[in-house]
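Following this line, the structures themselves.
Two complexes come next, and they have one chain in common, subunit A, joined by subunit B in the first and subunit C in the second.
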Partner chain A sequence: MAEVERDSVSGRETTGHEWNGIKELDTPVPRGVLMFLIVTHIWAIVWWFLVPAWPLGTTYTRGFLWTDQRTTVEAQVVEGQQERAAWMARIETEPYNAIMADEALMQTVRHTGRQLFGDNCAACHGRDGKGRANYPDLTDGDWLWGGSPELIEQTLRVGINTAHPDSRIAQMPAFGRDQMLEREQVRSVAAYVYSLTHPDYSTPQNIDRVNAGREVFVTTCATCHGENAAGNLEVGAPNLTDAHWVYGGDLDTIIASVHGGRQGHMPTWDERLTKAEIRTLALYVHDLGAQQP
Partner chain B sequence: MADTYHRKLERSAIGLVIAIIAAASVGGIVEIAPLFTIDETVEQAPDMRVYTPLELAGRNIYVREGCYACHSQMIRTLRDEVERYGPFSLAVESQYDRPMLWGSKRTGPDLARVGGKYSDFWHVAHLTNPRDVVPESNMPAYRWLARTTLKTDDLPQHLAAQRALGVPYTEEMVENAARDAYGQATPDTDFAAGVTERYGDKTQVSAFDGVTTHVTEMDALVAYLQVLGRLTGAAFEGTAAPEEKPDPEG
Partner chain C sequence: MIANLTSSERQQAFVLAVGVVLAGGAMTILGRSDTLGVHGAIVMLFAGVVLYLIMSSFYDPEPVEDRESSYYDDPIKAGIVLSMAWAVFGMFMGVWVAAQLAWPDLAFDAAWSSFGRLRPTHTTGVIFGFGGNALIATSFHVVQRTSRARLAGQVSPWFVLLGYNLFCVLAVSGYLLGVTQSKEYAEAEWYADLWLVIVWVTYFVLYLRTIARRKEPHIYVANWYFMAFILVVAILHIVNNLALPVSWGHAKSYTIWPGVQDAMVQWWYGHNAVAFFLTAGFLGMLYYYLPVRAQRPIFSYRLSILSFWGITFFYMWAGSHHLHYTALPHWVQTLGMTFSVMLLVPSWASAGNALLTLNGAWHRVRDDATLRFMMAAAVFYGLSTFEGSFMAIRPVNSLSHYTDWTVGHVHAGALGWVALITFGSLYTLVPALWKRERMYSAALIEVHFWLAIAGTLIYVFAMWNSGIIQGLMWRTYTEDGALAYSFVDSLVAMYPYYIARAFGGLLFLIGAIVGCYNIWMTVRAVPVAAARAADVPVTPVAVPGE
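This part shows the complex of A and B:
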């Protein structure tokens, strides 16, 4: 054993090792740190026994607490469902009129519906439900497929142009691209549609084109949009005489719609949401419009 | 007594080296040992299908663009996650993910079950400029994807490489990879029929980016996003989840 040497500054013993004149002190780990390490190691060993820890071939040690995160979360989800069960059952089974008459229940619908809407619908329709270009405003009272809670529920359930067997199907054909209408006919029918919401467009220099467009409209477009262009909820054909537009109401966008057609897509929520959730959303969306001035 | 013990410990260089090796190998053992029991611990999913060539190409773009840095694909066993995203993720759901893209950071939402939640059109609009559909989004725009033609000639090699790693692609799938990638993005063509024949009727064949004249990287990425969580219904078996399970076989 080497001779013990003491460092003259700190008074501590050295290890006896020396590198280029630098000597290493033989200083132990501070007691507090050592205690902390010991306690954590003991805790780790105790924890091995309490929770699932060691693999044993085809199985593993389950631990004396018998915890399993999968069953824990399942139980929590079921517990949450039970907490909601009372009013969820009412929303699922009671008629819409009865629910809407119950102000307390409607408060729950607004609260829960807001969460569901934010998670599932806001990506397209916006958090306020006001939509944006290509996605309908749900608050303006103008509906493609009907705005009663029953019809909204149906739209939510089957979607529009989806793979769902009962999907709502809406197709605006590409009249220009697929050569159903001549280029000039596309332009004149668009001018006519534009004039419906812009009466001052029908000036003497435009009136011939507008009149020509009306004839094209009656023979080609009226089947879906109606002779008076007020739309048809049965086929999701929008009203062309109001100020609400899905794709845009300026002349260029109308020409683009007639030329290239439109096939909007609303996902089906049948698989992703429960019946009660869909009905909550139907009420929420209906209520959004009702709350608007 | 204690001082002598510490003195011995401090002076033993070989002892220190051995202790370091022992401590460091614990980390290795913890990662390697469970792999020996992987056949017993990973759930069974007989209904699971493999990624189509177009989806695999989209997955490669997802990796290339680093989407995993902000989006996880792993719903954890926590109540709020299960209620928001759906049933927690099972190991078997990523058995054909090589490498897996579970991720651990969520600047954006989890994508493990995003397939079918939004329309193709929404995905294209969102990838072109996220602010157009989600005003508060801070996701970068990926608008060049729609302008970039997808490279399909190397897809057979990609499928073959996946097969070498254990993904059950058939010889027919490998041979037709480039044609199937084209077919999945061009409905109503002869190529499209081959996709559903090889990968099942529920495989989404669609003009993902709305243009059928050529196949772009946008087509591939949207096809991949639309199949996330829909390759198997295994996670929906015997859970409290109210959702109906997806049916990949059709």
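This part shows the complex of A and C:
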């Protein structure tokens, strides 16, 4: 055991212990530490008196403020709902035309709708609503099921190809895989569809195939897509004569679509969003298309 | 490893290794239709290699040295090597998962490399692999030196070290296979947990028996902290991991704790893992290596007592601050918050005690990067304990919780405190243990220091920014009373910070690799010191009187 020594730097004495060369000074606990210790304890004790803190068997000390996080959050929820109540009630009940005529209310729709769209729709359709491969662009004014707020609301509510009893059903059959069409017929009808948007494809070499494809189209595809291939909003059949494609408008993708069919899925939001939220989104999505030509 | 064992100790080691091989065999057979079988095979392989090492020198001549006149340093050397290997693995995993957050395609569409599986390999790799091995190694060193007594066992230190690493291997390989309890920092499943209980209790007994052998009248502060670390981690581990396996042949188990009680037990565990694994254990390290390196006495023995008992008492209550504004009753949250704030003073007392110990040695801090590692560690310890108490206050937590601020806070502690004190301690310990004059390159320690500091600061500042931005975006309302931002908006805002964070982590990883090289070259290339002071236990003749 080492002797008590005086440290030349601090002027303090050591405790007189030594471990493998390590010694300790017998410095008292600095007054500031004790003060700080007292302050934090007083702070804690004050909190214990004010809010729920200590258990007492089956209950606990309630605190003089009589607060509880459960009642606090319930009150905050009610307050938040009241804050939104005025414009939400209007969106829920007023006809779309009236809402769209009210520019102030439409600003609210754009703010709220942007956040709702971001949290619920953007994963597939993109934050800007422009979609991506296999997910439709909602800003191009080209609609599968109709672009009026009423029809968008319907699509949001029941979804496409969902388990909802009123679900929109869009089934593009797998004409090739399910052997409704011959391999050659699939190729020629795809060539015909391709030529609708690519007139220069109808060269003398291809014209026979395109014409053969037209025959197939009229007998097989026109039921849904229409004789002029302009689509049908009633059954969600896309217009094949414009530049907007969900799955891609190149020849290979068209062949793949005719061969394997397409059964796109859009969830039903009936149970997940409130009526006001669905109507806000319907207006927001309609507005997306309207804002961008 | 085997050469220093007597023949009866070799037999003990043999029996233990055979026992583990058989246990692995049983797991393989019972779990043949489950991932448990894969783990059985890993156990057999691990114990088989150990068994091979034992058998290959089983009949070598027995050691002749007088054990009482030397310390038992072989397991410590192995622990240091394992610790640095885990550091590189764990930090690499950290950089990878950080990069995945900025560039999700780096998961390469495989299940094993998805974020959810890699992230616990990072946390387990650095906390338990790097930190745990460093703690075991340094605690074996410190307890012998400050007790002036040899470890109370020849086989058990190896059992503790290797057994612990087997646990880490089972944990990490399990995550990649999808085996997890889904409890943060306690993801390993029931069989690995049971194994760790055996290993950890052995560690505790070994430590107690060594302290009981001490030739010093008093137990040094560092040993208080190491004892608290070992004892409390055992309690935490056992209580939090109480679970029922679905069958003996299945890796999956279900915790016995229901609902919000499970959450409370988990965060009582989680926060005290921070307290007793990442704080108490590393304070033990600091209390030995800092005064040794600074060649200064500890500033205040009385402050050591105050902070030790403050930390051990207050931390136990603080866990519920992880569950503010949840289903946990309000009163439990209040207790967690107030005890977290009261905890600040004892925490700062430790940091202050360390920094004031450097009075009279600041010129060494300036010149010696090893000591500067430990000084910076004490500063980061002070910063992150203040931040922790602050974030535990409910209204602050309502902003910080679930954001990157928490991640930044954890890394201020893990990189700034835990890793820096470990590197400083290892750079002090390695030349002493291998009896070298010095580390291979002081310049490389300097390089490591600045890489580590730069990496930590970049990381922490990035996460502070992104965390506070996130927190504010999530609570911003429009004048119509609706949320202003979607969650995806906040993710987009995080993108630059995620890149900065991955870069900071990369700097830290490079620093650790530099450290590995320096340690390797010290052992390989630095001449043995001729004139190191004798580093031996007190022999019976010289027993000091009280």
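In this text, the second predicted complex is superposed on the first by the 245 of 293 C-alpha atoms of A that agree within 3 Å, B and C clash if a C-alpha of one lies under 4 Å from a C-alpha of the other, contacts with A are read in each partner's own complex, and residues count from 1 in each chain.
In the analysis below, contacts are C-beta pairs under 8 Å (C-beta built on N, C-alpha and C of every residue); 3 or more make two chains touch, one makes a residue touch a chain.
Nothing here was measured: the structure is a model prediction, and the numbers come from that model.
In the superposed pair of complexes, A:Q69 makes contact with subunit B and with subunit C alike.
Which of subunit B and subunit C touches more residues of subunit A is settled by the count: it is C. Looking at the shared chain after the overlay, A:P55 reaches both subunit B and subunit C.
Shared-chain residue A:G80: touches subunit B and subunit C both.
When the shared chain is aligned, no partner comes close enough to touch A:R177: not subunit B, not subunit C. Applying the stated contact rule after C-alpha superposition, one finds that A:R6 touches neither subunit B nor subunit C. By the document's definition of touching, neither partner reaches A:H198: not subunit B, not subunit C. Once the two complexes are overlaid on the shared chain, A:T108 sits against subunit C while remaining clear of subunit B. When both complexes are aligned on chain A by C-alpha atoms, subunit A residues 15, 17, 24, 26, 28, 55, 69-70, 73, 80, 119, 122-123 touch subunit B in the first and subunit C in the second.
By the touch criterion stated above, subunit C contacts subunit A in their complex at residues 145-146, 148, 216-218, 220-221, 288, 291-292, 296-304, 306, 325, 329-331, 333-335, 337-339, 341-342, 344-345, 348-349, 352, 359-360, 478, 480-489, 492, 544-546. By the touch criterion given at the top, residues 1, 7, 9-10, 14-15, 17, 19-30, 33, 36-37, 40-41, 43-44, 47-48, 51-55, 60-61, 67-70, 73, 80, 83-84, 87, 108, 111-112, 114-119, 122-123, 127 of subunit A touch subunit C in their complex.
On subunit B, the positions that touch subunit A within their shared complex are 2-3, 6-7, 10-11, 33-34, 37, 40, 77-79, 82-84, 86, 88, 116-122, 125-126, 132-135, 239-246. Within the complex, the subunit A residues that touch subunit B are 13, 15-17, 24, 26, 28, 55, 57-59, 69-70, 72-74, 76-78, 80-81, 119-120, 122-124, 126, 132, 134-135, 264-267, 270-274, 277.
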